[in-house]
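As written, the chain order gives the labels A, B, C and D, with residue 1 at the start of each chain.
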Amino acid sequence: MSEAILYTVKLFASLKEHVGREEWVYEGDVALTAKELLHAFFDQYPDLGKLRIATRIAVNQAFCHEDLSVNPDDELAFIPPVSGG
Amino acid sequence: MSEAILYTVKLFASLKEHVGREEWVYEGDVALTAKELLHAFFDQYPDLGKLRIATRIAVNQAFCHEDLSVNPDDELAFIPPVSGG
Amino acid sequence: MISVTREPIDTATLDKNAVDPACGAVLTFSGTVRNSHHHHLVKMLSYEAYEPMAQRELEKVVAECKRRWPDLRKVQVVHRFGKMDVTESSVYITVSSPHRGDAFVGLRYIIDNIKKDVPLWKKEFYENGESEWLHPEDGCSPDHLTLREDVNV
Amino acid sequence: MISVTREPIDTATLDKNAVDPACGAVLTFSGTVRNSHHHHLVKMLSYEAYEPMAQRELEKVVAECKRRWPDLRKVQVVHRFGKMDVTESSVYITVSSPHRGDAFVGLRYIIDNIKKDVPLWKKEFYENGESEWLHPEDGCSPDHLTLREDVNV
């Protein structure tokens, strides 16, 4: 049997508030792409609605291609639409 | 015989420097339009060259139509191209 | 100075540092906390930052701006996070350029891209006791879902 | 504050007065004396003003700007004349607006029109001892040769 893969993703703003935690942890058997990790999160929290299609993922503090395969050692963060300025 | 008409026009920047005075005085027999007054000035100072076509006249501290008939009692000024900012 | 900070912005120092003898135009943009939003009375704001990434993204925005308008001599950006009151500056940008055209487009580029890509989020607290995170739907740049190398710039 | 003055510009007071609780964007433009122009080294500048008309024209520019962009809440312009050194501000403009779009176009409108229609003239004094009045050929607005009523706006 293969070892479980753990992804820990930072949450911000309404994502953090909705989940009630600063991080979300995903446990699975196979490595995921950025897009699959985003889908797994929003599948678990369907009430987040339109944020599903507008949220991006950051890998090691940079936006990444949605097909990028994500490494459990990466620093991961979900970036909902920003509102600085 | 009609009385002479005197126009006194304020000069600025290179016009003032070229003429060497703060005002230019025109004396004639008939009332002039703004355009005629400008032409009379630049005819007298042909060395001013290209400023001839770029200089505007201000009547009572406002730019005016070139066909306006000018009154000797008006406050008159020649406005070469401006360079504020 | 390109910085994401919790401290109030020292605009006087930024203004002083924006002056450059080779520049004829210094533009500044101050993003200030407004007292209303969509007819809600705003009492106070709080910005959350993904701090290290916000710093990096801010630096990227400025680097790209200087690449596009190389005549810009100085660009400074400070974005504050944490709580702030109405009329306080949340972001302050200065752009110094020999000629004004570059300064205008460069400044506009910076503020527009901060609002797209720098991970900072605004929470408004209203006079009626409610509060809301702002996640503008037009606020994200889908280009960033693709790798930089894939994008035709 | 809309003013043509021989005094150094009090930018700190203008900045303070530009803040407005209804505004989310405050833009400022500082026109500063550059150390070079067309490869001449500039030592010093002197602006001449047709003072009362410059004041009137400045007020007209601001009034037209507010007419075009009525959401602008505050506009301030101070233009200095007389002698000034490199890095000093010859003109300082602030524009305060609920949203940044209006502030950008309004500010651009004001500085562009100052350079067309406000009777102020710059004389540059160069390091080599020469000096020159600047009369940019594109700096005048031919519309003003016709009466306002004749112009289709």
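One rule holds for everything that comes next: contacts are C-beta pairs under 8 Å (C-beta built on N, C-alpha and C of every residue); 3 or more make two chains touch, one makes a residue touch a chain.
Just so you know, these numbers come straight off a predicted model, no measurement behind them.
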Chains in simultaneous contact with subunit A and subunit D: C
Farthest-lying chain, centroid of Cα atoms versus that of subunit D: A
Centroid distance [mean C-alpha coordinates] between subunit B and subunit A, Å: 73
Geometric centre distance via CA averages, subunit C-subunit B, whole Å: 50
Distance between the centres, which are taken as Cα means, of subunit C and subunit A, whole angstrom: 25
Sequence positions of subunit C contacting 2 or more other chains: 31, 111
Listing of all chain pairs that touch each other, if any do: A-C, B-D, C-D
Partner subunit C, residues of subunit A touching it in the complex: 10, 12-14, 17, 50-51, 54, 56, 58, 61-66, 68, 77, 79-85
Subunit B-facing residues of subunit D, complex: 31, 47-48, 50, 52-54, 56, 79, 90-91, 111, 114-123, 133-137, 139-140, 144-147, 150
Subunit D-touching residues of subunit C, taken from the complex the two chains share: 11-12, 15, 19-36, 86-87, 98, 100, 104, 107-108, 111
